[in-house]
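There are two complexes below, and they share subunit A, which is joined by subunit B in the first and by subunit C in the second.
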Partner chain A sequence: MNFTWSDAAYFGPEAVMGLTFLLCVLGDLVTRGRRHVVPFGTLLVGTAISLVLALLHPPVSSHAILGQMVVVDGFAHFFRLLFLGITFVTALLSWSSREIMGRDREHQGEFYALAAMLCFGMMVMAESADIVMLALSLEAVSITSYILAGFARFSFRSSEAALKYVLWGAVSSAVMLYGLSLFYGLTGATSYEGIRAGLSGGQGGMALLVAILFVMAGIGYKISAVPFHFWTPDVYEGAPAPVAAIFASGPKIAGFALMIRFFYVALVQDDSQGTLALLDDVQWPWVLAIISAATMTLGNMAAIRQNSVRRLLAYSSIAHVGYMLMGFVVLSANGLAAVLFYLFVYAIMTIGAFLVVVALNNRVSGEEIDDYAGLGFREPLVAAMMFLFLISLTGLPPTAGFIGKFYLFAAAGEAGLWWLAILGVLNSVVSLYYYMRIARAMYFTPPELSGRVGLAQAHLILLVVLAVPTLVLGVFWSPLKEFADQSLRMLLGGG
Partner chain B sequence: MLELADGGSSSLLTWMTFFPLLGAVVISLLPSRNQNLHRWTALGFSLVPLVLAVKLFMVFDRSTSDVQLWTQVDWIRTFHIQYFVGVDGISVTMVLLTALLCAVCVVASWGIQRATKGYFALFLLLETGMMGVFVSLDFFLFYVFWEVMLLPMYFLIGVWGGPRKEYAAIKFFLYTLAGSVLMLLVMIALYFNVNDPSTGGHTFNMLHMMAQANHGEWLLDPTIRHILFLGLFIGFAIKVPIVPFHTWLPDAHVEAPTAVSVILAGVLLKMGTYGILRICYPILPDAAAWFAYPLAILGAVNIIYGAMCAMAQTDMKKLVAYSSVSHMGYVLLGMAVFNEAGITGAVLQMFNHGTITAMLFLMVGVIYDRAHHREINGFGGLGTSMPKYTTVFSLALFAALGLPGLSGFVGEALVFVGAFEVYRVVTIVSVLGIILGAAYVLWMLQRVFLGPLNEKYADTPDINRRELITVLPIAALVIFLGVFPPPIINMIKVSLLNLIAQIPG
Partner chain C sequence: MQGLFFYLFGTVAVISALLTITRRDPVTSAFWLIFCFLNVAALFATLSAHLIAVLQILIYAGAIMVFFLFVTMFLGKEKRSAERPNPVVFGVGVLTVGAIAGGLMRLVRSGSHDFGEVGPEHGTIEAVSRLLLSNYLFAFELTGLLLTVAMVGAVLLARREAKGARATRTPAGAPSGPAGVEEVADA
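Here is the complex of A and B:
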């Protein structure tokens, strides 16, 4: 472990976020937890500085730092920007949410400190190049998440959500750590590169399969893939809505980033023709393809029967993991680029949909689908944007969600996984049904109350900020696609 | 093989496609209280494509099968997606029909009271979607327009529809989406297996896909080609709709407001058969030949089954809806035989059914606005109280049953002439459809307009001027094309001959 100061130059955005965390805590202490604007402002400024730093110094080559434990490359850069963006938006979203900032709440300032920590952890997850760092960053994110889930600590549901999250998390972490130890046992290395070198003999056999499955259990929990998804609806429903918005985007995306780097660096080699191949004869892509099929089908089927908008979105977010795994299992750069593209789009539309829930949560009586009745006439703008997010989640043109799905299906088709692609498109049709239940409530049912709902100005502005890319990326998406392609080049090309 | 006409580049079609979209944006920015403003703005924005359609009719070159008035611009270069539009003889009649019916339907929607702003904005958005489908020559672009059209349709049925509107709207949406996602997968499969002859890369360009020499090795396997054909075909069949995928149609028609029913039957159904002619046939001609016989049988089933269902209906609108199923059967039968008479009859019937069924739905709308029901048995003797209405409705009904001298006859006659050469038995069975058609039409005519006057409707006002404005231009067209069809036949003929020349056997 040798640390050099030159490493710090590559670790700027992460360092700033770490510092932001400390400053948020400090600011909250100094103001005795009375002036929440201090930690809130600190988080916004910190995130902005970090974002500027990241944008000013995009990595030009793959660079391993902190004793080869962390790799800063284009792939890390892509996720850095995504996580910083998510943190910035969700911080703004939380600031005017009653569930976080309501008068009856406590320690509101700490929320922002935790958000900074979460962002730091997620960025490191996407950069980990060593199973030790993998476990550490995953735990950093998990522990922060547990606290966030139980943030409304006098709410029964919030506490229940936190407890469920902790129990599931603890078990799956333990299983994953065991899997990682098997990797160490098989190869004698902790770095991904080392594991790859150790496995290239192709002698993994049963032990390797078990190790992979165990690691999958830990990651599957983080991304809520079937059968590790059971906590998701309860946590999304119980936790404060802004926290649910964070969970549905941030940690899930970080889980994908971690998974992609681990599997594609440690377990995949590219032969000289630039095509990717398995190191060993353990057919983990098949296992993942089945998980993908199960995840999307189960997520969609369960979503049909939900009456709570939040639970519906929770199950739909499970289904989306299934779609994204489709791009992961095909072992091609195109497949991974499709996943990256989709993650980006998914973050925008999911946060958008949750933002509507947050915005209405402050004003409308409940979160059942029926509570949205007549919204299209009471709040035409908000309803129209909700509709846009919903059709984007369904994957209809001209929205970003369609393009994302198109690339995923195209990747599956290119690899000849037609059965998975057919299952994917049929699932999209199913998802139309339940997304349109919300649209039906908003537009087809007459409102019980008349007059405007009256939403926070900040929420309206944020909604527009999220709706614009949802639409624009559906018509002109080249820049994002090229960014995704480019981000992968160092990961796959440089090995 | 389809080629681009030299020097045929033009922005006419782009204007026709996107002008209504501009109108939708303008309307959504208008104040919501002034309903008349919405109506007149919508009319203005739908008249422009109609005027451009007249221009299109004048400048269209009838002597070539090449793609005319095209525009080709790169859209997403890295994925070889282009903004590529143009017309040939197959699509030009559909573009004209769309422009005409949309303008008519805006007038027919004058009576809409609820949320006019949203209604007309969505209506114009729908027009953009439909136009886009008919002019697209890039498969990706085609798919985008195909889907974009679903959203306004869903709302137009779901918000402004009848009592069971919610059920009808989601059923329409789910059925069509289920079909189109299959199309999406076939599109992806074609993309990866068709080479752009100039660059060697993949392509969504339909013209490249139609050239068999560009097909990759995987795409040469007959089994694969049959599967791809079926995938596309089911997507289009749901739209046509071909029995047994037709159950969304009566529901959607009955619940939709009048103008939306007109668009549904007049234009949307044609997208199905248009898709088969534009995509299935030229890209996979050998598979088309292989499936010809089942296609003809499906056509006959549509004709007979649709007519029998129509006869059993007590709701006028449902009767007209099922008559559409029956009439689209003629189109299918004509398409299944690859000779000049059959396929010309099919495309002619597509156009004529669009105008005739539009008249029928408009007329049903007129009586519904007055009586607030559509029960066939709930009227009687309207001929004495509403003579003008009776005249126009009877004209439409006679056109629907294929009376010589009206446009419906020409298409059906050509279809039967063409089909008889190839599939005798199927054709003979199908001809029974004409008799069944006469039966349900005349029986309805008798129950509604003849007999003793139902006193309840003795004072019903006759058809008014606005309603006449919507229907008379179409009626004139129906009579004119019944007596003198060459204006349409000349437009479509060369392209269709070129198309059937591709199909082996």
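Here is the complex of A and C:
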């Protein structure tokens, strides 16, 4: 059939990650020892090999492989590198985390196996070209996430987080599957291209709107957009901090990748002028513009009231989803490039901020903002890095967050969505207030204890590694912008 | 003749689905749901989709319902009856169902859904397995990985704690429940 060995050349990085998952499980079973060095090493080596394979063979054109189920193109390549990077960094930060590797913890080996599976699922999500793969890859990432959320199973909060995550996830998966079945019923096709061909006749009406709304519900849950965000703060707070760092970056970004590919391949076409246009009957930008506005406003308003740093970061991550949806609403290459740029930057600064939480969590028991009092005097380096990530999250120069937000707001303004861009700027001003509450605690509140906190060496090194691109991309951003533009070319140009 | 069976099984399926969501006792609901599944399976059978009909009975009426009943029984009888639904939620639900039903009706009436006629070998075990191992091979393999990770998760979350692993955290003399429910609140 249309399943050949030559496909393997394009699917190398994914295949390696899938294999890494199995090897991590096996490696943990055949070796004994408390530190679980084998699965950890397997994950690092597997991720590195996968990264090298991906970098050696960047796709030069769009390849539909494995029975047309997945497409490897520049877009997939962009996200592939991002997910591998996220997996590598979060694996390293988990290794020194008390919450995962502490003496009283169990199942450390499985953690790395699950991280490998998560990475594999996310890569497939970004490549899916068929609603069968869409549902399966989303489910692969979701199920792995449920297990990770409940990883600290003796902790009541972790179990509660996992339960909430499962319940929300099951409902939204069911709703999305119903929406996908409507797409199949309307067009008789499961591939994105087939759906576009089937819909271009211009029939569908009410059923099509319901189908789009239902699919949005499924994806909206994954990226935690309002009104599907309720699980986010509880899960980020209840799950172990390294897991929260993964959730805030990986699956959320994968949800965006999946959404962009699905909506732009299945529901948008090039019109005669070479710009993008919606298929007849398809109306989602207005729905999404409202979701975007609601998401960023609600995320920011809720973040103001939080005293727990983790809940604050959770709500701030919801607000960032709102900003990024802004670029998705705009039907243009610029809007999408802005989203890709921001996703990259967002991953770095969010993992950075969560890394500070992870590092402090090893030593300090509380996670309230007050527990960060005087950090600027006790751990000047960590406090400075945290401050950098916070101003980047706010979107102030000279950080990468500023450039990312600039592109997003500019794309919205360019498309005539001025009200959305202005709302975005206003929201950024609001976010300055609550981010600076953490900064104020770190620098202007005297510490209760004196002396260094004593953080893991690995965490300090990782913090610096993440801080460098946050700063560098703030002044020298054009390579990343070009990479984002180039990644989109195959998706939007050739269809 | 086929029309008669369609309306017979269809009506019974809808009525038993309504009974499923209106009964207060979960066990009663579960049995109505099984009955609903059986009728849907009969509908599949009248469409000559025998494989799907059999799978519907084996997987839904069989495995999944047994699991439902097991969990319901396991949780005990006291807390079994459900509360009355919130009228707002109920109203929203009715409206949503109405909108979807209306949309589907219009779509069916418009006649724009043209699925071609299928041959007698369509949907047989041979045809489905050929598809699974050719076009959908990757999806099939991914499902395998999905089941593996679910199994890892089940073992991880449900296994009893290792003896003495965290003796300091477990209160002395605490009754140890069945595997999977012996959660200890984090102090």
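Simple rule for what comes next: the second predicted complex is superposed on the first by the 488 of 495 C-alpha atoms of A that agree within 3 Å, B and C clash if a C-alpha of one lies under 4 Å from a C-alpha of the other, contacts with A are read in each partner's own complex, and residues count from 1 in each chain.
Operating definition for what follows: contacts are C-beta pairs under 8 Å (C-beta built on N, C-alpha and C of every residue); 3 or more make two chains touch, one makes a residue touch a chain.
Small disclaimer: the values here were computed from a predicted structure and weren't measured.
In the model built by aligning both structures on subunit A, subunit B fits alongside subunit C without clashing. Residue contacts after overlaying the shared chain place A:477 against subunit B, while subunit C stays out of touching range. Of the two partner chains, subunit B is the only one touched by A:432; subunit C is not. Of the two partner chains placed around the shared chain by superposition, subunit B is the only one that A:414 touches, whereas subunit C remains out of contact.
Looking at the shared chain after the overlay, A:9 reaches neither subunit B nor subunit C.
Once chain A of one complex is fitted onto chain A of the other, the partner contacts of A:443 are limited to subunit B, with no touch recorded for subunit C.
By the touch criterion defined above, A:171 lies against neither subunit B nor subunit C after alignment on the C-alpha atoms of chain A.
With both structures placed on the common chain, the touch criterion links A:157 to subunit C but leaves subunit B unconnected. With both complexes placed on chain A, subunit A has more residues touched by C than by the other of subunit B and subunit C.
In the superposed model, A:287 makes contact with neither subunit B nor subunit C.
Here subunit B and subunit C sit at a least CA-CA distance of 34 Å once the structures share a frame through chain A. Residues of subunit A that touch subunit C in their complex: 1-3, 18, 21-22, 25, 66-70, 104, 106-107, 110, 113-114, 117, 120, 124, 132-133, 136-137, 139-140, 143-144, 146-147, 150-151, 153-159, 162, 185-186, 188, 201, 203-207, 209-210.
By the touch rule above, subunit B contacts subunit A in their complex via residues 76-79, 115, 143-144, 147-148, 150-151, 154-155, 158-159, 165-166, 169-170, 173-174, 177-178, 181-182, 184-185, 188-189, 191-192. Residues 377, 391, 396-398, 402, 406, 409-410, 413-414, 418, 421-422, 425-426, 428-429, 432-433, 436, 440, 443-444, 476-478, 481-482, 485 of subunit A are the ones that touch subunit B when the two sit in their complex.
The part of subunit C that touches subunit A in the complex is made up of residues 99-100, 102-104, 106-107, 110, 112-115, 134-139, 142-143, 145-146, 148-150, 152-153, 156-157, 161-162, 165-166, 168-169, 183-186.
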